[in-house]
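There are two complexes below, and they share chain A, which is joined by chain B in the first and by chain C in the second.
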Partner chain A sequence: MTLDLNQDQEYKYGFHDTENYTFKSGRGLTKDVVLNISKMKKEPDWMTEFRLRSLDIFNQKPMPKWGDTKLLNEIDFENIFYYVKPTEKQGKTWEEVPKDIKNTFDRLGIPEAERKFLAGVSAQYESEVIYHSLREDLEKLGVLFFDMDTGLREYPEIVKKYFATIIPPEDNKFAALNSAVWSGGSFIYVPPNTQVEMPLQAYFRINTENMGQFERTLIIADEGSSVHYIEGCTAPTYSSDSLHSAVVELIALKNAKIRYTTIQNWSKNVFNLVTKRAVAHEGAVVEWLDGNMGSKLTMKYPSIYLIGERAHGEVVSVALASGSDQHQDAGAKIIHAAPNTTSVITSKSISRNGGRASYRGLLKVHKGATGVKSTVKCDALMLDANSRSDTYPTMEIYENDVKIEHEATVSKIEDEKLFYLMSRGLGEDQAKLMIVNGFMEPFVKELPMEYAVELNRLIELEMEGSVG
Partner chain B sequence: MSELLTIKDLHVEIDKKEILHGLNLSIKEGEIHVVMGRNGSGKSTFTNTLMGHPAYKILKGQINFKGVDINNLKSNERAKLGMFLGFQYPISIPGVTVVNFIRQAIKVLKGDNISPKDFRKRLYEKMDLLEIDYSFATRYINEGFSGGEKKRMEILQMSMLEPCFVILDEPDSGLDIDSLKLVAESINNFKKQFPKTSILLVTHYQRILDYIKPDKVHVFLDGNIADSGGPELALELEKRGYDWLEKAQVSVL
Partner chain C sequence: MGQKLAEKVSEPQWLIEKRKAAKQAFEVELLPDRVSHLWKYTDPAIFNPQITTVESVSEIGMWRYSEPGVEVLHILDGIKKYEDLMREKFGSLIDNKNLKLSLLNESTWVSGYFVYIKKNKQSDDPVSLTMSMEKLKSFYPVRNFIYIEDGVDVKLVEQVCSQDEILSDVNIVTEIFLGNGAKLDFINLNMVGNKINYHLIQRANLSAQAQLENTFISLGGNVSKIDSETKLVGEHSVVMVSGIVLGNEKQRFDHHITVNHVASNTISGLDFRVALKDSANSAYTGNLKIAVNALGCDATQKNRNLLLSDNAKAESIPELEILTNDVKKCSHGVTMGHLDEEQIYYLMSRGFSDKEAEKVIIEGFIEPIILKIPEHTLISGQVKSRIEQKLNKG
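Up next, the complex of A and B:
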């Protein structure tokens, strides 16, 4: 095999469809754009007001003064399409989806995965969910799985009770933006003591250049229930940037369990600025498995507020920053606000070919949250000298009766490891790939098998041509 | 039997410091050679150089293996010619399971596509011989292994990969007497199964030679072979210590 140090693997999902849309807003963000979205969706007044209030907050809030401010300030809010409606009708079968769009999802392997191992699928294209399905048995059990707009229309009382209670628009500029122009995303409610054994999956696809995708997801797991939600995302490769800014709120009531898995593989012209937060009530478990492979700049720190006794939170964050045009600023936040709560943060980042990976984390223990146990482990692997890795861990501990472990490592692919593997006959590229895959294993082994295979393949593609 | 390995006038440096000074050695097919010597006498430099560790630079001389000049071959290419190094301090590789690693190595070395089922069967047989619990197959390479477990894992890899030239760098250090016996028996079994395989065994202690009978014993001193002989040389060393040799050398000078 001929290897070229400077050659990057071509992004496999960079193709795009021709646009044949029902509605496309003009560029830029105005009150009219917001009102128009709300009107087209026939929303109740409280939501329209919420949007307008959020727009004000967005306009008032300055850009963040932390993180990758240089890249952040490249975002041209005036150049973005805030709402694009690709089709009039949502499909319940793939046959009902417009042919071009269906072909796209075929190429992404979604219908096939659905047949094999998913309990429900939601597919969002631009601003709207264009396909949705849930297995009948789950529907009969009372599991609600809809796009957020349908959720609001058909279950307004549940939505109103929880919507924006975990992430208010005041939280940050991008949460405010999402709150003003949100469209699509998932609404899930799992009734008490109901276990959704197979994962529910949402797939997000951007097609238009300079698109802004602002999905909004709300998951409520009622007492004693459990659910696993998986999201994946891709976009075409364009020369100018798109913006993806989601808000995701999870509520795990007493003894409930939510696992939320992300495999983010946006093309390298997408800003991925996402706010994700969960609350875990008494005895509840929330797990974020957050894999970031794509995008130009990702800033995302899934959070868990442990507000009930014995609640457990876990974040596994994995980032691959590949090339000088990519910065993964990822991490986790866990707030212990009740006694005997436990948490684990595992962060793994790989940077190569000039890529930059940052870990940013917060661990906070409130006064009175006795008996807290937490482990934070951050490992960074740098594949060459041009790449960069930073760690910004913050700990605020206001209680003495706690047990906290923190460990951080930065490593290169050590010559001794390479020598060991190569002495058994493995070629240098194969040995490096084995070390990288091993490094990612704590994340990969938590994924359903099909995703693990896909992720390993992605890493392999990214690594191809990276060693000489 | 024909020559398997011929080393002529080998000079090797690491970190710009010459460690081996003109070493000569020949090993024939099927022979067992033992290398003894104090810490710092150049034994590990020698084994690492043989296996092609990139940090060790050959300044002068030649290593010929199976009629091929291997001076410039990478370690994986040497492995493909049938060389194997059992490490003194095997490194751990997080996230890579023993079974996956050995299977990939076999694929590369032998090109055969043994079915996963047959592969497991073979692996378990060898693990039985070394009294390694099956659970180790799915553990990460050397991660959290005790010293003895690491040594046995090296021998396990040797018996799975079936090399024709085995370098064992202190396979006995840190082992209790039971583990030592197990390791020695596994080496002997392997040798019985593959009589043409040659072994270069590096050790500090005579006691492993109670179980493994060498054809030749070499003593390293200051980066060269100070003396060579039969098994009796190891016994002599055990009795009289390395000082004896050092003095003997000085008197020759």
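Up next, the complex of A and C:
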């Protein structure tokens, strides 16, 4: 098989449908825009006030001085739509979902996925969740799985109790922005001692040029419960830049377990600046599985605050930076604030075709958090000479009774490995693909099968053009 | 201030101009921001002293060499004697990274060493550069210039010291040039009293096949900051950085080590060991860069932290910035932890008290780096007794 080395891979899901919106806020961010969003959603006063306070914080906070500041400063906040509402009512069943939107999801393969294994589909098309189905057995269990707007409307007391308690708007400029204009996202509450066997899933998609997506997700796993949430996103390719700035808060109460899986495949014009954070109470387990394949610039550091004894946190992240117009600045943060807590961070990054992959992480042990054990491992694979790999790990250890290990390696595809595989009859491109797949294995093996298959296909697609 | 001193010792016109420009720039330059990891953990304002009495490091400590091929002079004498060389090279390694504090040095320095090692060097004895501070409430701006000719092999020990009660500030800038195939075994020894704020900017430039063993032994100081960068500009050049920090009481250490692989087939290694007692704390920040055109490089970093008390604190940010895939090996590792209880138990079962066992383990931890100090010298004795004193206290 011969491959064209310069062949540019067309974006896999780079189709888009004609826009059909009932409401589109003007470009730019003002107090009126924020008030309008809140009014349109008929929100309680406390939420309106929260949004306005967040807007003030957003305006006061300077842009970050760290990370890829050159790219960050390209964001033109005045040239973004902050709210787009696709249709008036939310579809109750799949049949009620508007046809053009359904077409888009058909092409993403959602119906099959649902038939096969999904417990509920919360499909975010534009800024609001328009389709949401909960299977009966979930309802019987008492699990709440809604889009965030519905969650706020129907369970205001739970939302008010937890909303923005993990990520306050003061946290960073982009969290403040999200807090001011958020729309959509998922709200999940799992009652005590309830195990949700099947993963809950939501698809996200940006469809209007220059339109921001500011979804807000809140997951609460009550004592002794467990849940796995999957978020995957693809977006049509557009010419001018889009901003995606989500806030995701996870709360794992005593002995609860939350696993949150993301596969991000935004098209190459999207700024993906996301704040994701979890707290794990006594004996709780939180796992972030984070795959970054797309976007122009991703800055995302899923974090876990281990605040109860024996809590465990784990982050497995992979990043593929492909092409000189792509920078994956991803990583993980783990804060040990209680004794005998443990954590593992595994980061895998691949850079090719001039792409830049950065790992940026924090491991912090507070005083009094005795008996902490933590391992941080970062591996980077570089496929050609003009790509770039950075590792920015930070360790702040304020307790002596700890055991911390950190390791990082940067390497290329070794000639010996290639030679070995080729001596067994594989072509060079197949051999390289096999090595890359092996490198990604620790992440891929944790995914549900459908996702693993899709991800492998994606890697294969990305790798054509670079091997051969 | 710089102007006045310059006139007194009749500095060449170009140097006077240089100081003047530095002084003007210093006055408008702001202190570095705390965003980048260079100043994340220590406030740079500590090293911008309000003390106006500028002092020279003591002449008593200076050893003058008259043997062939080894020229060790007061920095000003060196500038006058080798004016052409100095006009070209002096200050050429100082970058903008730590601008405020390097400008402070440039405009005010009054003492320091000029070291020129030539091809006709005969003796293999280590060259000792001692800087001693004796006055209270003074500011010591020190400037060193080290130039090693092609193919020369030499050992230098830079020792900074003071009596315990001296409360002063020191700002040292050291430039090191290694010619083709030159080999330098360099030790920076911080033995100042625990009241001194110690700031060192060290820049080294390695030509082809040059080899630098760069060792930091940090024992003294109230707040001690080292900002070191080695540039591997010649192919097949090698730098091995080793360091130990032994902190006790309320000492604060902050080491920033950058290794910049500019040329192909260059090698670097780093072994940095930190042991902290009492309320001592340490930040280690590293930056390992491999440039786009630097192919076939080999780089490793290892940072080990031993936290010996409940109040000790350690921070570590070992960064990697790799701009090419053609790397032989590039890795780093960090460990943090307390003393291994099994090791203590083992030693106690052999008749050691717990205190003795702890001491033996710490000595073992720092020993590989202490061994780099030339044995049976005045310095090695001083270092050993200082370590002993630190380990026995408290």
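As a working rule, the second predicted complex is superposed on the first by the 467 of 468 C-alpha atoms of A that agree within 3 Å, B and C clash if a C-alpha of one lies under 4 Å from a C-alpha of the other, contacts with A are read in each partner's own complex, and residues count from 1 in each chain.
Please note the rule applied: a contact is a pair of C-beta atoms (placed from the backbone, for glycine too) under 8 Å apart; a residue touches a chain by one contact, two chains touch by 3 or more.
All figures in this text were calculated on a predicted structure; none of them were measured in a lab.
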item	value
Touching partner for A:V410 - first (chain B), second (chain C), both, neither	second
Partner with the higher number of touched chain A residues, chain C or chain B	C
First, second, both or neither for A:I435, with chain B first and chain C second	first
Touching partner for A:K65 - first (chain B), second (chain C), both, neither	second
Chain B versus chain C as contact partner of A:V402, first or second or both or neither	second
First (chain B), second (chain C), both or neither touched by A:E49	neither
Which superposed partner A:E139 touches (first chain B, second chain C, both, neither)	neither
First, second, both or neither for A:L383, with chain B first and chain C second	second
Common ground on chain A, meaning residues reached by chain C in one complex and by chain B in the other	none
Chain B - residues contacting chain A, complex	51-55, 74-76, 78-80, 84-85, 87, 90-91, 93-96, 101, 104-105, 108-109, 140, 157, 161
Chain B partner contacts - residues on chain A that touch it in the complex	414-417, 419-428, 430-431, 434-435, 437-442
Residues on chain C engaged by chain A in the complex (per definition of touch)	33, 35-37, 292, 295, 305, 307-327, 329-338
Residues of chain A defined as touching chain C within the complex	65-66, 351, 367, 380, 382-412
